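Pasting a structure below so you can have a look.
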Amino acid sequence: MTLLSVTGVSRRFGDVTALDDVSLDIVQGEFFALLGPSGCGKTTLLRVLAGFERPDTGTVTLDGADLLALPAHRRPVNLMFQSYALFPHMTVEKNIAYGLHREGLPKDEIRARVAGVLATIGLPGAAKRRPNQLSGGQRQRVALARAIVKRPRLLLLDEPLSALDKKVRAEMQLELKRLQHEVGITFVVVTHDQEEAMSLADRIAVFSEGRVEQVDAPVSLYRRPRTRFVADFVGANNLFDGVLRDGGVEVPGVGSGPLPCEPPGDLPAGSPVVLSVRPENVRFDDEGPLAGTVMDTSFFGGVSRVAVEVGGLTRPVELTVPGTAPADPGKPVRLSWNPDRAILIGPA
Amino acid sequence: MRRARWAYGPFWLTYLFLYTPIVVLVAMSFNAADTPYSWGGFSTSWYGELSGDEAIREGLVNTLVVAAGSTALATVLGTLLAVGLARYPRLRVLAVLATLPAILPDLILAIGLLAFYSAVRATLGLHSVLLAHTVFGMAFVATVVRTRLSHSDTSLEEASRDLGAGPVTTFVRITLPTLAPGIVAGALLAFTLSIDEFVIAFFTAGPKDPTLPIVIYSMVRFGVTPEINALATVLLAVSFTVVILAQRLTRLTDSLR
Amino acid sequence: MTAVPKDARTRAAGRARRPRAEPLVLLGPGLLYLLAFLLVPLALVLSYTIFKRGRFGGIVHEATGDNFTRAADPLYLDVLLTSVKLATMTTLLALAIGYPTAYVIARLPARWKTPALVAVVLPFWTNFLIRTYAWIVLLNSEGLVNSALTDLGVIDRPLGLLYTDGAIVTGLLYAYLPLMILPLYSAIERLDPQLAEASANLGAGPARTFLSVTLPLTLPGVLTGCVFVFVPSLGNFVIPELLGGGRTIMVGNLVRDQFLKARDWPFGSVLALSIVAVLIALLTVQAWAARRFSGEGDHA
């Protein structure tokens, strides 16, 4: 069941195109992530949804009704700001109750709901404190409480964990997931951190330069990137630019022959393609088509990463192998992979 | 974010309110007619009249003497005070005392100084105005220099001492040059304020040595004369130039920082 | 260079070379000056309030409470009330026009902010008397305002604009409006625009957002601006004289007259003290509000 539908939304600021014909659908109850490097337009989309920004063209509907027709303060959409934007002159309690007062709810109900949400976020004792008396993690929780207490149709979170240190961040990731299950609200989170997006979201939209590159579940995004940008941005990867031939991908000046790849499907031979092979799928193989020299090895709890310099490529080929690296730097090696694990990305 | 449209009306009204009188004065200073209420053609005759006015010339000289003297005194005292207050931050009462003349209504300072001069049986003249203007000039210099000091790097002075320079050498060769932009800005401020100051001068000047604002006051009180329009235009041009130069100067020193 | 650790050397050198005379040399001259030309004069004025006036001016050192009783006379109380009324009107008008102006300037693109601020302050750097004189010219029965209104057909006879309370308030407003805009600007500029967005996001319309978020958080600036406008307006004697034509006397005129014409310094000192009392009261309120609504360090 589609909750939010974004269709053909564009927004320019002077010469900069922040959003370029963006379309996506978000389903009721979903945890959705907008992922991309800074300046890719994801925050602009968030601000369009919240009502702080008007798109130049395109439509946005929520539950089938035109969302853009409503001013920011009438939208059933709440936003947790990256800076939290807690009101410094109000106590935690008053911050959380602020939105409920705007709905004109009876005082008893407001009190009950504020107490309830403070318990949910695990800060029942903080009601009378001011924001500047709270730690970063506590502020984050209060900002979240202030947004979810309104029981919005859609909760937007702008880089919700970026201001926290690493340990608190891991805790809050679990907490966010738990909360989302508990309150059953649709979450849209904006982040530049792919690990965060991967671990939190049911589906991810990858943004680049104002365009949506791909919308998919985390596993599919990792296994089957559809564009060169996604293949490069999400997870470590080896990319080869070449031309599709019978029997593989021909990369000029690289390898002893065409590099093995998955069945090309309906891509015609002769198409320019990008071949994407994850490091964990590359293996040492004395018969392999790629010849190179080990540059560097490093051991990470259980697996080793090996960088191999291959003639004709600007970036070394990376592979991960279980246990310690079987080869020392300087040693000549040959590499190959299972053709099914070498993904073809056709021309855009 | 959507622009706050409600605010634009008052915004433009403010500038209209602030600049209409100025534009009218400047326009009328080139008016050949001898009332400011009708246009008699373009003329610069009022400027000629102005340059021949003995009282104004005398007032201007008095004002410049007072402004230069009080600025010199205020700059030395204010700079020393600012450096001292920065080095001994526990003396917070003194810091408040040093800014008091800038906050106090001018009328209060004026009657206090009049009472003081009378109590010590001092004669009133240019010197009494000069000493009076030094009080608030010093407060402004000290404030500006302290702002500058709070941005500056104390390790420079420590380095100088570490390299064997004595306190006086360090003060003259390190502290003063780093503070120079602040001192210049403070001195400019003190000078401008002194030139414009009327109330304190009115109470502490001797009858034979009126400063320019006092001369203007008696002209204005006497009635409307087109000569004032010419004088206003000249003064406007001078202070606009000074303010814009100071603006450029601070931007220049900011970029050097 | 010796082998002495640099830290220890610096500290030892600092201690050895910071002479005991340093505070005296640095602070001594300025403080002495302030003592002679600020504290002693203020103490004199304060002490005059309880002495009798001399026959030909001056002070007779004989304690009395008459000066205070005299200030409570309806004649003078009326002047005080009129002064407070005119200064209040000026302050409220300055706030009403200054707040939106400061708001717009604070939200201008960065490169327009400084020019807009300089343009607000620039008239302030021209001679105060000339600025006041300009309004004589404008408000005169043959002046620009009247002729503009006549030409537009709004009125058929010139209005008596000059020498009214309205003229005084206009003059005071013109003299002190920049002092309202500057503190307001710095308060609004410091305000995180996201707080207003958060308020809208939580369902507050523009008016509610202004009352619940923007105004409370800029209140210290509002009060600073009000003090900056109210206090000099109250103590001003030039504008009431030139634009009020002597018809309305403000407390500043009374003080001036007591000191320079009537030569009743004790009574003049009491009146001056009333201005200082108002100043202190306002500064206290302002300091309280700054503490109450600061919430500093939260939304960096």
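The first chain written gets the first letter, and so on, giving A, B and C; residue counts start at 1 in each chain.
Assume a contact is a pair of C-beta atoms (placed from the backbone, for glycine too) under 8 Å apart; a residue touches a chain by one contact, two chains touch by 3 or more.
Remember, it's a predicted structure, so these values are computed and weren't measured experimentally.
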Remark   = Reported most central chain by Cα centroids is C
Task = State the pair of chains with the top count of C-beta pairs in contact.
result = B-C
Key: Centroid distance [mean C-alpha coordinates] between subunit C and subunit A, Å   = 54
Subunit A and subunit B: spacing of chain centres that average the CA atoms, whole Å = 58
Where subunit B and subunit C are represented by their mean Cα positions, the distance between them in whole Å = 17
Key: Touching two or more other chains - residue numbers and ranges from subunit C   = 197
Note = Touching two or more other chains in subunit B are residues 1
Key: Residues of subunit A whose C-beta touches two or more other chains   = 52
Query = For subunit A, which residues are in contact with subunit C within the complex?
reply = 50-52, 71-74, 77-79, 81, 83-89, 98-99, 102-103, 130-132, 146-147, 150
Inquiry  = Looking at the complex, which residues from subunit C come into contact with subunit B?
reply    = 6, 9-10, 13-14, 17-19, 22-23, 25-27, 29-31, 33-34, 36-42, 44-45, 48, 58, 96-101, 103-105, 107, 114, 118-123, 125-138, 140, 142-144, 147, 173-174, 177, 181, 193, 196-197, 206, 231-232, 234-238, 241-242, 252, 255-256, 259-260, 265, 268-269, 272, 275-276, 279
For the subunit C and subunit A complex, residues of the former touching the latter = 192, 194-195, 197-205, 208-209, 212-213, 216-217, 292-300
Inquiry  = Could you list, by residue number, the parts of subunit B that touch subunit C in their complex?
reply    = 1, 3-4, 6-11, 13-15, 17-22, 24-25, 28, 35-38, 76-78, 80-81, 83-85, 87-88, 91, 94, 97-98, 100-101, 104-109, 111-116, 118-119, 131-132, 134-135, 138, 142, 158, 161-162, 166-167, 192, 196, 198-199, 203, 213, 216-217, 220-221, 224, 228-229, 231-232, 235-236, 239-240, 242-244, 247
